[in-house]
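In order of appearance the chains are A, B and C, and numbering begins at 1 in each one.
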Amino acid sequence: MSIEVSGLNKSFGDFVALQDVSVSLPTGQLTALLGPSGGGKSTLLRIIAGLDKADTGSVTIEGTDATHLPAQKRNVGFVFQHYAVFKHMTVAKNVAFGLEIRKRPKAEIAERVDELLRLVHLSQFAHRLPSQLSGGQRQRMALARALAVEPSVLLLDEPFGALDAKVRKELRDWLRRLHDDVHVTTVFVTHDQEEALEVADEIVVINEGRVEQVGTPDQLYDEPANDFVMSFLGEVTHLAGTAVRPHDIDVATAPLLAGAVEGTVSRMLRVGFEVRLTVLTVGGEEVSVVLTRTHARSLGLEVGATVWLTVTAGATVVPAMRPSLAG
Amino acid sequence: MIWFSALVLIPLMAVVVTAIDGGWDVFWSTITSGQTSAAIKLTVFTALGVTVVNVVMGPLIAWVLVRDRFWGKSALEVLIDIPFALPTIVAGLVLLSLYGPDSPLGIDIANQRPAVFLAFLFVTLPFVVRMVQPVLEELELDVEEAAASLGASRFTTFRRIILPSLAPAIAAGAALSFARGVSEYGSLVLLSGNLPFKTEVTSVRILSSIENDNVAAAAAVATVLLVISLTVIVLLDVIQRRVAARG
Amino acid sequence: MADTLTREIDEPVAPAAPALVRRERRTPMTYVLRLVAAAYLFFLVAWPVSLVATNTFDDGLGSIRALLEDPDVVVALQLSAYVAFFSVVINTVFGVGMSLLLVRYEFPGKRVLNALLDLPLSVSPIVVGLSLVLVYGGREGWLGPTFASWGFDVIFSAPGIIMATTFVALPLMIRELVPVLEEIGIEQEQAAESLGASAAQRFWRITLPSIKWGIVYGVVLTLARSLGEFGAVKVVSGNVLGQTRTATLVVEEKYLNFDQQGAYATAFLLAMVSVACIVVVAIIRPKNHA
């Protein structure tokens, strides 16, 4: 294990940011810390980096106890949401900074900077100031700067959060490919479940200062530990006391199966190839259902029609313990 | 911290301690004696009057600098800062050259009360302008246009929308210019003649006490000025907090 | 390492300077306001200041030359420069320290300290002088006799003048730096820290270069204020001809002795320096904001 965190507690005044958090992050993998804003994931990342101090608990990086080590001695690379570029230095100087601090020979620095700028496709901007770069370019520069010192772990705090949607998606793919090439242990914080599912090898879901679940994207999606994880990773609706995904509900126009719940279609919305139904059950529940357009047409559904709903066999189901938190 | 205390706080405390050394009665009789109270009154009332002028002219000038565009505007920008940067004694001489005995305008107010007013006006010029200017720059035209689209006349827009946003800046600038006016010394030396009961301001009064080796009296009057400065600073702090709270 | 970015990401680069969209509405009122503002500034500032220049050059360069040949004046100018230099150095070093303290650290009494920092700007220079005399005066001050017994006179000598000047110019540097420090935030320093930079390296390589323009403005403003200080210096200097008389004191003395030419010439020199200072600030400031 590359990073071992155990028993972390951290409060800011009255606000509890982390509550007895223990987690092990494997070497060479790309791990996402996923959770809603204010849930404590950035705090955890900053404590791993040494930028914040935990109240109690310990952090071990590559087998060394780093709990009381200042950030400058941890050999971690950190990428900030708002890039934290050194505004008064050129792109090349930014990337060279960590190497200059380590007093590497000039020729070696120049060679390494050159290599990294090629890696992040900024070679032609080497002598520009960061203010002349776009947001995406600045973040790539920040990444090159963090990688320059060959960190034992790379930490990214909402790295694409400040970029617009299209660039964010492209950089996300790029980060995945970059990681496949460089293989440095990487941890990134995000509140975007799609980003986490797409990029990460492993996801740690954090909410209200606690770890809700740790697992691969498939595990999390297919076997959510609880209602929260399930609802955070995708749309969830409630049918007969269980939480289920809207596309995992079967719709029938007659009471064919035992236990089917009767209801009336109260709204119907066509979005591209899918149809979204809102069904008001006789028990007074509002259930969302998603089915394909062809399926809906074959059933002859329309607003006001009476339908019977069942959970598809083999679908992921979690007892609804808490009110749904996310869409 | 220690450095700040040694340089600023301890000496200022010494003034207050010296002032109350002789007891309350001595302190009171010093500052209410004819010549001194005349000086204090002159200073405070003139500073108040000058502040009123600044409250009118400051936002007006700031408005012209922010919203208007014309040839020579940057020169006006520089003019605003001159009173701040110019040595006060030079400021006095500068005013004397236009409004003194050799005035090309034929206006000679040297050694008269308007001279005090003029000197205060000169040295306090930048305060309101420079406080209001950045606020006015941030004030978005959209807001004014929104008000106009809701049917407000330009005057109503000004009174209901612009003025309330500028009020804290104007108040802060006014407080600063009042404080500066009350404490002014250098520019008056040559211009006002420092005639007792007529054009002698508080700072001059303190200096003459010092020169007569009457340190206790000097400290008493100085304490009055210190209290005024402190009041202004507390006022400024309150205004800034209000603004910060408003976001 | 392989080429991971298969194609250049298509993203617009932030424009160098967003064009200022300004919707102008000109009415007669605009012109009236413009005229009032210009006239006010002309009569209050522009004309009087220009008169000093014309009065100085009434007889060509003669008065300036005469001034520079007067050894007492030369000594006064040197003293002014010497005092201003030390005041700038002291205020720069402590100004940077105090600003960092105010922006980066929380401590009890911070709010009071912050408010009191403005005191030197609003206290009468005469009061400043008096307060320094009371504490550091050689005969009956609180600390003065102690210093005097060590053979170190503060009041009526150069150290006193430097103290008085430093006092009145103290807030200028701090007031320039605090907003700059607040704006740059702490992320760049944290990034440097995560890259292995020590506290000293972070200060010299990140913080200082980021605030250098703030320091330049602060130095210019402090310089202007220090050269021009009059009231406080008058009280603490003793005004000893050729020893503790600064340039501003020369202006007064020359004028009161009916040497108007000399007074105007000295005033002109001082005004030149201060006008140069604000012009320098006016020129570099917008560049930095772009």
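Quick notes on this one:
Here is the rule we use: a contact is a pair of C-beta atoms (placed from the backbone, for glycine too) under 8 Å apart; a residue touches a chain by one contact, two chains touch by 3 or more.
Remember, it's a predicted structure, so these values are computed and weren't measured experimentally.
Relative to the whole-protein C-alpha centroid, the nearest chain centroid is that of C. In this structure, the chain pairs B-C and A-C differ in their number of contacting C-beta pairs, and the larger number is found at B-C. Between the CA-based centres of chain A and chain B the separation comes to 57 Å, rounded to the whole angstrom.
Chain B and chain C have Cα centroids separated by 18 Å.
Centre-to-centre separation between chain A and chain C, using Cα means, comes to 51 Å. Interface residues of chain A, counted against chain C in their complex, comprise 49-51, 70-78, 80, 82, 84-89, 97-98, 101-102, 115, 118-121, 131-137, 142, 145-146, 148-149, 166-167, 170-171, 174, 177-178, 181-182.
Chain C contributes residues 1-6, 8-9, 11-14, 16, 184, 187-188, 190-198, 201, 205-206, 209-210, 212 to its touches with chain A in the complex. Those residues of chain C whose C-beta lies close enough to touch chain B in the complex are 22-24, 30, 33-34, 36-38, 40-41, 43-49, 51-52, 55, 94, 98, 101, 111, 113-136, 140-142, 163, 166-167, 170, 221, 224-225, 227-231, 234-235, 248-249, 251-252, 255-256, 263-264, 267, 270-271, 274-275, 277-279, 281-282.
Those residues of chain B that touch chain C in the shared complex are 1, 3-4, 7-12, 14-15, 18, 57, 60-61, 63-65, 68-70, 72, 74, 76-90, 93-95, 97-99, 104, 121-122, 125, 141, 145, 176, 179-180, 182-186, 189-190, 202-204, 206-207, 210, 215, 218-219, 222, 225-226, 229-230, 232-234, 236-237.
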